[in-house]
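Notes for the one structure printed next.
Chain naming follows the written order as A, B and C, and within any one chain the residues start at number 1.
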Amino acid sequence: LNFSGEKGYKMRLEGFIQPYMETKRYTGTDDSELYNRFRMRRLRMQLSGSLADEKLSYRLRLDLSGTSEADLDEANSNILLDAYIRYSIDDNLSVTFGQKSTPTDNRELNINSQTLQLPERSRITSVFSTIREFGVFLDGTYRITPGGMYVRPAVAITNGDGQNAFKKDYGGLKYGGRLDFLPFGLFSNFGQFREADIVRERTPKLVVGMNYSYNDGVSSRRGRNSGSILYLNDRNEEELPDFIKLGVDFMFKYQGFSMLGEYVKGSAKVSKDITQRVRNDGSVSSGFEIDGQQHVANYIKNRMMLGEGYNIQAGYIFTNLISVDARYTHLRADKYSFMNNGTFYNRPNYYTIGVSKYLSRNYGAKIQASFTYVDAAPGSNDNAGNPIDGNEWVGRLILTIGF
Amino acid sequence: LNFSGEKGYKMRLEGFIQPYMETKRYTGTDDSELYNRFRMRRLRMQLSGSLADEKLSYRLRLDLSGTSEADLDEANSNILLDAYIRYSIDDNLSVTFGQKSTPTDNRELNINSQTLQLPERSRITSVFSTIREFGVFLDGTYRITPGGMYVRPAVAITNGDGQNAFKKDYGGLKYGGRLDFLPFGLFSNFGQFREADIVRERTPKLVVGMNYSYNDGVSSRRGRNSGSILYLNDRNEEELPDFIKLGVDFMFKYQGFSMLGEYVKGSAKVSKDITQRVRNDGSVSSGFEIDGQQHVANYIKNRMMLGEGYNIQAGYIFTNLISVDARYTHLRADKYSFMNNGTFYNRPNYYTIGVSKYLSRNYGAKIQASFTYVDAAPGSNDNAGNPIDGNEWVGRLILTIGF
Amino acid sequence: LNFSGEKGYKMRLEGFIQPYMETKRYTGTDDSELYNRFRMRRLRMQLSGSLADEKLSYRLRLDLSGTSEADLDEANSNILLDAYIRYSIDDNLSVTFGQKSTPTDNRELNINSQTLQLPERSRITSVFSTIREFGVFLDGTYRITPGGMYVRPAVAITNGDGQNAFKKDYGGLKYGGRLDFLPFGLFSNFGQFREADIVRERTPKLVVGMNYSYNDGVSSRRGRNSGSILYLNDRNEEELPDFIKLGVDFMFKYQGFSMLGEYVKGSAKVSKDITQRVRNDGSVSSGFEIDGQQHVANYIKNRMMLGEGYNIQAGYIFTNLISVDARYTHLRADKYSFMNNGTFYNRPNYYTIGVSKYLSRNYGAKIQASFTYVDAAPGSNDNAGNPIDGNEWVGRLILTIGF
């Protein structure tokens, strides 16, 4: 829906609704029950626009469902998603101030939620992504050969505390960037930021990229939240570990076929000055016992998302707008890492197949189903904290309607 | 406000604001003070639309006031009210997936909030309704005689945990339905879902209906909330009571006169396997002492909305758009029922008279006042928990402006 | 953005986004670190409209940033700002019911947030204002001489508990008013409610006003919140102190120059019947020890905003739309007053200079920076509660884009 105001103002209102249903079953146990869950997965509205000269633009995106994007260990149900002001320096370069998704997350997080080829993003996103950050972003797009090779560099300097971290800024800033290389030209119709190849690219399109970020002082597992995990030095001053993330990824699309590959590695630098930790109730402890002995660095690492993982997925949309998709995700935790947590993680392999029916030649209305087989490592629990012996099946169903 | 987009999209934005004032006085006491309360009763915005072929439609309704519809023992101030996607199978039958009001609530809850003939809904609604649920809904409308008799069957399978219960789904599902019979044809201008007869039906219109629901495992007083009251069996597994609701109701309208009658009965089935209860702080107790002795079933029933009630109300809109309305509501609690709670309930009779001035021939702008005399049974308290000897007077004033 | 519906309805949608960055440095200490803070300062949307005859109008204003207007000791992050219905009795007089800013706050709070000449309002606003209240408001505008002198009287009767106080109404009501006198006629283009003189008034414009309010029973420091500070009498009934506020202020504008002056004094009347206080955890104490001795009135006063303050600021917008502004704010606390609190207040002098660049001849897009030198009295702390020896520098940067 587009509006044009007096004096050349332009405004655009969009949105979509995604009701969702999930059913889970544990194998290798006498519990044959199905665990159901209903919810409004996403309910988003977006307002965007530009001033008369189109140099200045803004975007405002809200989620009204009350559920968070990464439904996980660190939730954040604030309704504010994107809110930023962008200034286009020239046709190739723009600077953005405000909150938005960051180029230092894996590629799938730069893809719009209503264009996913499966009902959910992969676990790589759950484990490593910060989803949204507040700060200054530089984005460039440069053609480097007459034949149509492009590079897209991006730099982000943010507070490194995730979405809506508007109280105190714990730790220093986060510095990062991404370099994308597109050897065969830009994707059609913003296809780089949409997952399924519904436009059926006529020539092969590929983007290969890498990203790196250095978060100077994180107060949460991976820099998605603010102030949830704090440490002190001898003088009772805050002293926080640093979190480093490195990723390599690609996406390929051609005539209805699309393929996405991502690799991410998270590591930490723990300052030797840390001698105390702050408990949830605000009290302070100098006990850092882990595996039966006092070890500050390992204790701290055990609360962060350290390790690596990759995700590879592909799908094909038939001309009758039915799509068939598959995904394999593998996670490998460091010895001391929250990725070993039995409730949320500790599951090294995820195998998913999905089928989708698009009702028109865009992402506006579709129905999607998927089945995921989860290979749970020994020591995994269900959500209630009870150990599970076998593995898990998860079935998902999601409807999307956009406006 | 209607929009039409490219390619046949249609969208509609509506809303209304209701500032409200209430004053309460206790009789038969030396406390002659007036207890005032100001608030934004409702502040709603609704976005609805359909795709080009009108088979698929959606609705999104929000309340931004921060106050809940049933201002009572189980509040829920999430802003999300309705959010659903509907598919019209044919002209007579539709299937809906998402969150909306349920056909298994009493008739007044299927009536739009800005069209009420008195400032508030009756206490039947407060006591028994779940207000909104998430699930799958089937709605039919069939003409059964050429003369214009209609039946409107509806079936709902929901998670049975009330509005925005998007975390864990406690207990099983809720199954229910409603059958409405309209002997004299459909009401004019959606009049079945609007209370006062502002369109002045030219021929008598009547709807008579009954509804039934079986909520397999409730974790709250009546299935309006999720996880607020939990029980366990011997093996520390969740074991929840079932809640059954039965209702009969009618609405009649003719030339400015409207009448509404409702009867609801709530009952419970308590599993004999329940042996423990979960306290608010998460700890577990096997004490179920009530009336001086251990009795599991009675203890549990005493925390649920068990009993019956009826509400009868009528009004007339004069041609100068002034309306006069009256209501009598009667509640009869079971011996063990939360309806005996002295703070919120324990008041068997409510007598209300009201007067409204509509500013135009729709519900868009009006001012409404009412006085309610509440017959409080012995053992009732005021909100601060102090016992009251006599009865209560409540005066209400509400303004409505819609857009 | 304006809409016109069927039958003469009018509706207007507006909004603005303000990303913000702040950096703080303490002087006279070995801590040379810069304390940064990023946030979405304001993200507002407003819907307003009127019915066909323009007698009835409404306004609805939301803030979606999750941060509060006065980022201080008593925060309130509810998204609902304004919501009211207004009836224009005649061309000179209107009555409003609902929630809005109150005429009994200092002048700068009656000025729209996106038109401020500096990134933040002065500390006078932080200390004394209630920001928004719910109640009934009468507003008049009368021309008293043919030459164009005007008076604007305003009366407000509100619940006196600040924004979104929709639960219990603690204490009695708040009664207050304001009388503004405009000797040289009304400001151009609503300039009385906009700070910088972007329209460059062709003739000098001046408004001089005074305001007074009596808050009968406050349950917070200055009547901005509800129920945060409670006292009891001998019979365990609520007994609350009264808060009185008196202010005098003016604004002058002429050819790009604007000047604002404000004086506010807050005082209290503490009932002798108060004998107990309610702690945060709900328990009751009769200890009112202050300065080493039991003194009920002084103890209570020490938790209220008692004292006086003035703010004087001026600025000039050049014709190239660059503006230079300066402000001096002085606060003087009573001996017993929360204004002596070392974390939030206890800083008597604030000196600010700012520079702004407006991108067009309205307030729709601008970038603003300011530097404030804060003269901290002995006994001041930083936010973490550590004492600071010297003073503070605060740098601020804010962008605004409206639509």
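Rule of thumb we're sticking to: a contact is a pair of C-beta atoms (placed from the backbone, for glycine too) under 8 Å apart; a residue touches a chain by one contact, two chains touch by 3 or more.
Given the structure is predicted, the values throughout are model-derived calculations rather than measurements.
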item	value
Proportion of interface numbers common to chain A and chain B (over half same, under half different)	different
Size of the rotation, in steps of 5 degrees, that lays the CA trace of chain B over chain C	120
Whole-Å separation of chain centres (CA-atom averages), chain A against chain B	39
Chain C residues counted as touching two or more neighbouring chains	79
Chain A contact footprint on chain C (complex, rising order)	1, 15, 17, 19, 35-40, 43, 64-67, 79, 359-360, 364-365, 383, 399, 401, 403
For the chain B and chain A complex, residues of the former touching the latter	3, 5, 9, 11, 47, 49, 51, 56, 58, 60, 62, 78-80, 83-85, 97-99, 134-135, 158-159, 164-166, 168-169, 173
